[in-house]
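Scrolling down, you'll hit the structures one after another.
The same chain A turns up in both complexes below, where it pairs with chain B and then with chain C.
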Partner chain A sequence: MSPQHYLVLAGILFTIGVTGVLIRKNALIVFMSIELMLNAVNLTLVTFSHFMRSPDGQVLVFFSIVVAAAEVAVGLALIVALFRLSGSTNLDDFNLLKW
Partner chain B sequence: MTAFLFYVFAALAVAGGLTLILHRNPVYSALSLIVTMFSLAALFAMLDAQFLAIIQVLVYAGAVMVLFLFVIMLINVRLEQRLPQRFTAQTAVAVALGIILLVEVIQIGLTGSKMLGPVATELSAKEVGRVQTLAGLLFTKYVLPFEVATILLLVAIVGGIYFAKRKLR
Partner chain C sequence: MSLTIPTVNLAAIGPELALTVGALILLLLSLGRYRRSTGLLLAVALGSLAVAFALVIAAWKAPVEAFAGSVALDRFAVGFSLAILSAATLTVLLSLNELERSYLLLADYYGLVLFATVGMLFLASATSLVMVFVGLETLSISLYVLAGQRRTQASSLEAALKYFLLGAFATGFFLYGVALIYGATGTLQLREIGTYVGTHGIFGSPLFAFGVLLLLIGFGFKIAVVPFHMWTPDVYQGAPTPVSGFMAAGSKAAAFAALVRIVFVAVGPTVVNWTALLWVLAVLTMFVGNVLAVVQDNVKRMLAYSSIAHAGYILVAIVAANDLTNSSVIFYVLTYTFMNVGAFGVLSALASRDKEALDVHELSGVGYQKPLLGLAMAIFMFSLAGVPPTAGFMAKFYVFSAAVKAGYIWLAILGVVAAMISVYYYLRVVVYLYMREPDGETTAWPRLVPAVGVALGVAVLAILGMGVWPGSVMGMLRQAAALL
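Let's turn to the complex of A and B:
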């Protein structure tokens, strides 16, 4: 398979993630869409790493997975705290900072 | 055979992603994201990144998605289903922007082979993704980021406990 196949697939997945962030109101779904975007970028890195025979890209993906795991732990704790505060996960309800 | 497998897993990944953003029940969204993660793990394995394929299944499809499902079931399964799903102007604009972005990204992806640099090492394709190769790099060239990552994980643990326990009101 050529690199184009994998890159186009990664692009499609990234676009699905962006659209999910834009159209959904549920904070959890938006968060999962962000995870989907992270995964699409990881696929790009692995593709280039494979076709350039360079392991550095895969080390970068390893770190990206570590950071994503930490981000999920903190982000979900934030969502739980927000739910305790306002009783909702609808992003439109969180407008305390609105001018 | 490789092409067939690629198209099967690519279709599964895209279908999982679409179900994720279109389904109204968050539990189904989380389960479809697990399908996408598994398909990506299979694609990693096809790209000779065996170690990352296993890590993807263990960390993403295992730990991260279990955490997501746990929080979804803790919070709001019934709440979400009662919300009306309206087709607003925001949705229309978002879909239009998504289509524009899709065209751009596919254009860039199709010219991807021009962005490929020269072959960087003498490793064969099978050797690049092996644990030995990655561990060798991780503990020599990238040892500082590796140590920083441990501190990041500690901060994440402390932050998670702090936010989940504190009475915010």
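Let's turn to the complex of A and C:
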């Protein structure tokens, strides 16, 4: 398999993630879509790293996984706290702040 | 595939280490019986910040590069680090006001502020895209939590969630940009990317050009450049007031440091191709920020739009891309730190448990009821508007003169026009402070907490000092420019 296969797959996954963030209204689904974007990037990095015989990309993937884990911890905590307060995870319900 | 173990030089990350140790001590204290002893917590936070200050200043004399060229604590980084550390110190002091004291768990809160500062410092000294990514995320994740500190208030949590979702979304773009740049160049070091651009040009491969574009989108979100600014007003309005000031000043300083480094080190040789894009972004950012700020009644929201406009002014200097750029950006960031954190600080000093005066009408007559706070707020507003002899004027002067020297006359003219729009809404606050009668019952403002007073005093002195003697500061910063 050539790197193109992996890169195109990663591109498709990234696009699905972006689309999900833009059209879905549930905070959890939006968050899942963001995770999909990050994992698409990880796939891209690993592909480049493998085909260029350079370890840098794989090192960055480790950092990216750690960051994603930290983001999950913070993000889910925020969603839970807001759900307790307002009883909703729908982003359209969060409209206290606007001009 | 070969792996070499890089030389470890802890001096290059000394300030970050000091702050991390301080933050860990604070987290440990939050478990035990000392979690309510404000004095001890404050001492730990200020102590680690003081050590970080000392180490950063020491690095001015002896710049260091370490970890296989991933981190460089050079004079450029020192300049930005001073702004970042000042923002953090002021925030630590300003958070002791009455309203924030009523709900904040200070140990956790200070720990998070220090962790965010660590991320900002790494961003200022990062010379590889891995470090830029790690720094950016350390600062962002801490700030997501800080924005939601008012756990029982829906607007604060809403601000935190919006910031988090959009910030993480931007991270995705940023990281994809990094991945594509890595794919095109085979390296993550800024200098080696610069070498690649030198031989291939920025449009040498579509992969690289697209990667740079995605990287720029990611940064655009973080520094709130139009059209990626939508989250800023909501987040600054909903977050606790001292945190808003910290977010605006600290993360802007850090992200601009990294952006300037990337623009000049990694894509420097063909910087001309960028400038058309950055030119448009700068003008859009200045005008959209200033025009939307005019219609805001909520002062926090107004300051949020004004922070967008200020990002635009800083972009003007980056567009100029000449020998004045670095020094004028650092000068602007330093000035902005003091005046912006100060302005948010006055608002938080006026907040009490019963009432948080955020609407500009509620500030009527404050200049007479609280003369010192009123005076401080007036000075911050004059400085933000760019009225001499405040530092805000000199900062704008340097930024626009960098643009003029580089031949971007129109950009400078548009910048001055945008700045004149901003005078309206800044002076509106001053008018309400001094020339309007308070309507209805006179409110009892809270007593000024000494720590808050000290922080505001320092900010006022810094603004006036840098405004009256800008030459000495600028002379130092010029040396920062040379070494990049």
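The criterion applied here is as follows: the second predicted complex is superposed on the first by the 99 of 99 C-alpha atoms of A that agree within 3 Å, B and C clash if a C-alpha of one lies under 4 Å from a C-alpha of the other, contacts with A are read in each partner's own complex, and residues count from 1 in each chain.
Convention: a residue touches a chain if its C-beta (ideal position, glycine included) is under 8 Å from a C-beta of that chain, and two chains touch if they have at least 3 such contacts.
All values derive from a computational prediction rather than experimental measurement.
Contacts of A:24 after superposition on the shared chain: chain B is touched, whereas chain C is not.
If you count the residues of chain A touched by chain B and by chain C, you find the higher number for B. With both structures placed on the common chain, the touch criterion links A:6 to chain B but leaves chain C unconnected.
By the touch criterion defined above, A:67 reaches both chain B and chain C. Using the contact criterion defined above for the overlaid structures, shared-chain residue A:34 touches chain C, although it does not reach chain B.
Touch criterion met: A:76 reaches chain B, while chain C stays clear of it. When both complexes are overlaid on chain A, the residue A:55 reaches chain B and chain C alike. When the two structures are aligned on the shared chain, A:85 is found in touch with chain B and with chain C.
On chain A, the surface patch touched by chain B in one complex and by chain C in the other comprises residues 7, 14, 17-18, 31, 47-48, 52-56, 59, 63, 67, 70-71, 74, 78-79, 81, 85.
In the complex of the two chains, the chain A residues touching chain C come out as 7, 14, 17-18, 21, 27, 30-31, 34, 37-38, 40-41, 44-45, 47-48, 52-57, 59-60, 63-64, 67, 70-71, 74-75, 78-79, 81-82, 85-86, 91, 94, 96-99.
Across the complex, chain A is touched by residues 1, 3, 129-130, 133-134, 137, 141, 144-145, 148, 151-152, 154-155, 157-162, 164-165, 168-169, 171-172, 175-176, 178-180, 182-183, 186-188, 233-234, 237-238, 292, 295-296, 301 of chain C.
Those residues of chain A whose C-beta lies close enough to touch chain B in the complex are 1-20, 22-26, 28-29, 31-33, 35-36, 39, 42-43, 46-56, 58-59, 61-63, 65-74, 76-81, 83-85, 88-90. Here chain B touches chain A in the complex through residues 2-3, 6, 10, 13-14, 17-18, 20-21, 26, 29-30, 33, 36-37, 40, 43-44, 46-49, 51-52, 55-56, 59-60, 63-64, 67-68, 71-72, 74-76, 79-80, 83, 90-91, 93-95, 97-98, 101-102, 105-106, 108-110, 112-113, 115-121, 123-125, 128-129, 133-134, 137-138, 141-142, 145, 149, 152-153, 155-157, 159-164, 166, 168-169, going by the rule given at the top.
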